[in-house]
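We call the chains A, B, C, D and E, going by the order they appear; numbering starts again at 1 in every chain.
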Amino acid sequence: MSLLEFESVTLKFGGLTAVDNLSFGVQEGEVFAIVGPNGAGKSTVFNLISRFYDPYAGAIRFDGHDLLRVKPSAVAAYGVARTFQNIELFEHATVLQNLLVGRHRHRKTNLFSEILFTPAARKQEIENREMVEEIIDFLDLQAFRDKMISGLPYGVRKVVEVARALATDPKLLLLDEPASGLSVEETSDMRWWIDDIRRQMGITVLMVEHDMGLVSGVSDRVLAMADGAKLALGTPAEVQSHPAVVEAYLGKAS
Amino acid sequence: TIGWAQTQGVSDDEIVIGSVNDLSGIFAAVGVPATKGANVVFDRVNAEGGVHGRQIRFVVEDNGYQMPRAMQGYNKLLNRDKVFAMLQSLGTPMNVAGFKLLDPKGIPNVAPLTAARQMLQEPMKNKFTSFSTYYDQARIGVKYLNGEFGSQTVCTMYLPTDFGEEILEGSKAGAEEAGITFGAETTHKPDETDFVGSLSKLKEEGCDIVTMALGVRQAITVVGTAKKMGLTDMKFLGTSASFLTVVAQVPGGVTDGFYAAASWLDLWARAEEPAPAAFIAEYKEATGEDPVGFSMLGYSAAEMMVKALEAAGPDLTHESFIAAMESLDYMDELVGNQITYGPDDHQGADTVFVSVVENGAWKLVYEE
Amino acid sequence: MDNAQLLISGLANGCVYGLIALGFVLIYKATEAVNFAQGDFMMLGAFVTIGLTNTEYMGLPFWLALPISLMIMGALGYLIDRLIIRRLFGESQTAVVILTIALGFVIRFAAGLIWGHEPQTLQNPLAGKEIRFGGLVLGMEDVAVIVVTILLTWGLYVFFSKTKLGLAMQGASQNQLAAYYMGIPVKRVQGFIWALAGVVAGIAGILFAAKGSVDPTTGLLGIKAFAAAVIGGFGSLPGALAGGLIVGVIEPFASRYVAAGYSQIAPYALLLAVLIFRPHGLFSQVRVKKV
Amino acid sequence: MRIVFKTDYMQDIRPWKDGYQLSLYLILLAIVTAAPWWLDDFYLGELTNVLIWAIAGLGLMILTGHTGQASLGHAAFLAVGCYANVVLIEAGVPFLLAFPVAGLLTGIVGATVAIPALRLHGIYLAIFTLALSVLMDDIIVLAEPITGGVAGKYLGGVEIFGHLVDRWATPAPFFWLVLAVAVVVTLGYINLLRAPLGRSFIAVRDSEVSAQAMGVDIARTKTISFALSCAVTGLAGALMGMFAGAFNNETFSVVISIQLLMMIVIGGLGSIHGAFLGAIVIGFLPQFLSISKEYAAAIFGGNTVAIPGLEFGIFGMILIAFILFEPMGLYGRWLKIRTWFELFPFYRKDMFKRQKSYLKTERLR
Amino acid sequence: MNEPILRIRNIESFYGPIMAIRGVSLDVHPGQIVSILGANGAGKTTLMKTVSGVMDPEKGRITFDGQQIQGSEPHKVVQKGIVHVPEGREVFPLLTVDENLSLGAYTLSDKGQIDHDRDLVFSYFPVLKERRGQEAGTLSGGQQQMLAIGRGLMANPRIMLLDEPSLGLSPLLVQEIFGILKRLNDEQKMTMMLVEQNANAALELAHHGYVMEIGRIVMDGAADVLLQSEDIQNFYLGVQEEGARENRRWKRKKTWR
């Protein structure tokens, strides 16, 4: 059984069909990429998983849970973490605080133990911090630990978003264009990071990306979408050579 | 022994009088002229050498008609300025809260600017009011209108505050005494500006006397609206809170025929008479402005304070002051009232005057 | 009959709320700031006109005083932006809100100082005139209020939706940086809208003072007008008018038919109800950020 | 310039940076605790008042400063706390029980209010709460059997362990009571901010979408924030009632709601210090002006009402000046001053010059 | 060579106490495309913002067409013909696509010209035409990027500052964008200053290139020369790639540092 499953999902905005009868499954442990022209509905797929939209029809399942029955915050609690295409960080907080928010779903203390800051709360804080420090090390964010998000350049924010998602210790990580705005050097870092996330941390990755180098470099399977519908699904090489994908997405030159 | 040596607010050459007043809030139209009027008196008395050689220092704290500010005012007056007595504090809730502080120290609260009955609550010893209460004003006004026009149904439009409830109860009492019915009531908010709905309700209920406990601006609007709606048999009655010269002077004769039961006489209607004329001249000389009704009240309250301080003699203590207050009995020509206090009578004037607006001025029609 | 009268008076009264609400919405639409002093602006507009017109002050003819006072109010709105609000350009809107509240204090103080605290009525040619049709009465001031409000709402609506400047203002309120990138002189545009809000407040003040009387605390009416604007949906000009009308109409009906003690609550209870069922007011749709 | 080396995570988790900073706060606390010995009754009363406002400010700060939900109606919750406290005491509940229960009840009321308010944002929430505050006046009148209606209620002193605590009769114990409440609330607040719940408040404030994506339940978080905020405000209300001694429907007016919001903005949104700094400005400035007026009158002559309402007008102007001087609140300014000293002499002249900044719409969230 | 149209001299820009630009000088000649490369945080965006006036430099001079423009109000800079297509799109989210485009032409008044430009933008990005009435905030990321570029073109600028125009666009559209920029430069002689992470495409297109690191310009030269530079190839073109993952944390020292 797939970890994440889309079954004939359709979503309309007014007259526009953003996701059109889409079905696919993401297997546990794989890196699954979604590609497609701008406006194909890729981010919308992510937003459906995050429960920001209610689909018009169809079913979305994750790890045995019917996602359509729960609220957005519960999706994260099941172990789905994500980043955003346009970067949605907590602007008026430091990088460290942002990452610590990621630990929220593992909160074991309650209101009272927190107000009293009991030893249990203290222990939890230290554990959270240790966990977050590992991620900071992993993604080379040491220099920015105590910096306010509002003063960070675009590229660093992208990485902080990934870090925050990782801090939730997810089963499935959704990355919306992780490499956009990164230089070639940084993109290659990102490539290895994704690889490590999958191999070392055992996290399944679902990613949207336009950088075909990165997509073919890390992903096991690729879904190509156009106008909300499935265009092709297969290995990176298969999809990249699929005529319809070349036509609608890659362009003749490449 | 010299008692005043232990009495706060009194020294060899100074007496401190305090007031927690509204100089900037919704009742600034009352507080500001009253304070100015009192200052005219105190400045004059001080210039003439004070009372028994003591200058009067009148300290006014602005409460903006807010409770926390009022409490700060009391803190300052009691703990910093160490006042001897309070004069003309404005606002029922503020005064009532102040009693908790004044009573234990026996500090007199003289002539508060509210006609609520609570101003003479127990212990009454240190409390003195100048005038009849809203309750009596409404009660007597209703009886007068019934007697004069044979009106049969009393109704009340009021703000649900203590001011409103006093007048509501007075109206009910008046109706009962006159043997007529109390018909209906409507409640309002200070920011209400349209009264067509309430007036049609009152018309429906057959009200022919409408007592009002509203803001001044609202009272004017109510009367004007009723005119427009052709509700000519409805008599509108305000209390001292609506008894302002400006109410009579609204252009276009909007307020013609509006009654007010108050415990003093209108100033400008008597501008030719000697006492008001002298006051107007003195006030204008001192402040450069024309006085209004509340300037007159402030002035007359300050005069009363000076009289009592004089009567208390050089050895000024709370006891001697209270005794002096209780001995006061004089005709206040300015407001047109006999002021009488006694050991069991801490309300100076008992008369209620009913006036009506005629040709842009208040005309006295009845007194009791 | 009775109800028709309630309705028509309620509409006239609602127009006044609508007028003040328009001022709120204008500034909000163009800058996303909420001008808590809008009610006090109105009060000031009323007093400026009274100061120019009434015989105890300058005693100018009404029709001459009218444009002068609107010009004064426009200039004042502009100056307030130029000298005070503009210094907060780019700072959080909360700061601007607090600033306008404090500004309201100062305006109230100044008005009390200049014109005293007693209620005053504007001497105007419409006073006391009324029109009657089939048993209904409506004061000429009411008629003026209704006509002016509708024209003004329509005019401003067209201005915002059809003109380049109106569009620029909306853009500037959504993203100041982008507006600058487009070459829109954002600060100047905001100065213009504050001036315009001053004029609208002046109009509201004049009509209000003609209908009833004003004193320095009249501006507190702004709170109710603010509520009206929110009922309509804060960013919408016709919504502001509609919100004003709804509040205006609900009031007389509530006083007429609801028990004493409860009737005065009606406008605020209505506001709560509207917000619970339509969290962004009646006339604007809920928007969710696309991520 | 002081440099702190970090060798342990607890150094970040502890609320103070180092022993030096901790000792500064302890000294401050000691000085304030000793206030009854070095302040006269007048200033002690004012200090008590400022602390009460600060507690109310802390309450509002939780909601507005840290969760980003603007409330213009907190005076209503002051009222709830005040009346709950009095009613309980009148029913014979000892103060030490009645007081926290009053806070708890206000918290429950707050949580109830939060439910319809959950979908509201920005000004819509502000006006919703403002309407509540306006209505509170009428509710108190209508609930006369409980609240005493327009006649109001009185509360003199209370007994704590057999000692009379009364604002006027025994100002020092009353001050210590208020101080103790302020300290306890502040400590709880600090703890909250370094724990997951406090961070989830900030998350909701800065971005609801990503807070959700991190597993923060928005509705629950806002409700808890409302509840905590109102509970603290209720405590402040109870103290305010005891401070005034008498109150009725007109006591907790909308103006107070508005002043509370002004207070935390001027103090600095999103900082605990801000609540205290703001309380000093809003709580003491009018009194300060009133006192200065005396000196001014002594120097320039003229009586006390030369210009009626002048203090109020000047108060408004000073508030405007504060905002223009430091739109981020006094705490922001304090941080800059501190940085200046820490960097001394390495600061640059225009280091704190405001760089041009631009706003984006808050209509989308 | 002709006189530079944009001349930047010794610019220093700060965010509060943080110095983001540390004395940058560069020239853009009329009709040229100048490309700026740099890792993230190098200060490229800050430099662009300083030129377009949304940030004030602490020091230095910026001359456009002989006039000094440093520190002037951003709308004045636009009126002179400098248009900035910012990083992160910055569309007006609650206005429609059409209205966004209209505001792009805010400084122009020739109706015919505006309509013509709008048609041109629609011909470049047909999807925008389809979505004329849609609120810009609900467009997909890439669609918003197209709108931002289109909106910049509507102003008919003399020089365009493009901050990562290809961000979030599909490979097909990236090619198209570079094609469009090339055409604008060839046909209309439009001058451009271009920041791109897609260094290969940027240098192919540009005449001249600058490399920024931590607020400084560390290297510059004709684009074709830079393309051949070993450092550039290593760090910006990813040529050396295929580096085994064991080496990934080992970074070759950049020679200019």
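Simple rule for what comes next: contacts are C-beta pairs under 8 Å (C-beta built on N, C-alpha and C of every residue); 3 or more make two chains touch, one makes a residue touch a chain.
Protein names from UniProt, one per chain: A = Amino acid/amide ABC transporter ATP-binding protein 1 (HAAT family); C = Amino acid/amide ABC transporter membrane protein 1 (HAAT family); D = Amino acid/amide ABC transporter membrane protein 2 (HAAT family); E = Amino acid/amide ABC transporter ATP-binding protein 2 (HAAT family).
These figures come from a predicted structure and were not determined experimentally.
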{"item": "Fewest hops from chain A to chain C - one hop per pair of touching chains", "value": "1"}
{"item": "Chains touching both chain C and chain D", "value": "A, B, E"}
{"item": "Chain whose average C-alpha position is farthest from chain C's own", "value": "A"}
{"item": "More contacts between chains, A-E or D-E", "value": "A-E"}
{"item": "Taking each chain's C-alpha mean as its centre, the one farthest from chain E", "value": "B"}
{"item": "Rounded Å distance between chain B and chain D, as computed from the means of their C-alpha atoms", "value": "37"}
{"item": "Distance from chain D to chain A - Cα centre to Cα centre, in angstrom", "value": "40"}
{"item": "Chain centre separation (chain B, chain E; CA means) in Å", "value": "74"}
{"item": "In chain E, residues with contacts to at least two other chains", "value": "15, 54, 93-94, 137-139"}
{"item": "Residue numbers of chain D (touch at least two other chains)", "value": "134, 138, 141, 209, 308-309, 312-313, 356, 358, 361, 363-364"}
{"item": "Two or more partner chains touched - positions in chain C", "value": "108-109, 112, 117, 174-175, 177, 180, 223, 261-262, 264, 287-289, 291"}
{"item": "In contact (per the touch rule at the top): chain pairs", "value": "A-C, A-D, A-E, B-C, B-D, C-D, C-E, D-E"}
{"item": "Contact footprint of chain E on chain D as seen in their complex", "value": "339, 348, 350-352, 355-356, 358, 361, 363-364"}
{"item": "Chain D to chain A touching residues, read off their complex", "value": "9-10, 12-13, 188, 191-192, 194-200, 202-203, 205-207, 209-218, 224, 228, 270"}
{"item": "Residues of chain B defined as touching chain C within the complex", "value": "24-26, 28-29, 32-33, 160, 184-198, 200-201, 204, 216-217, 220-221, 224-225, 228-230, 244, 246, 250-254, 292"}
{"item": "Touching residues on chain E, where the partner in the complex is chain C", "value": "52-54, 73-75, 78-79, 83-86, 90-95, 99-100, 102-104, 106-107, 137-139, 151, 155"}
{"item": "Of all residues in chain E, those that touch chain D in their complex", "value": "14-17, 54-56, 58, 93-94, 137"}
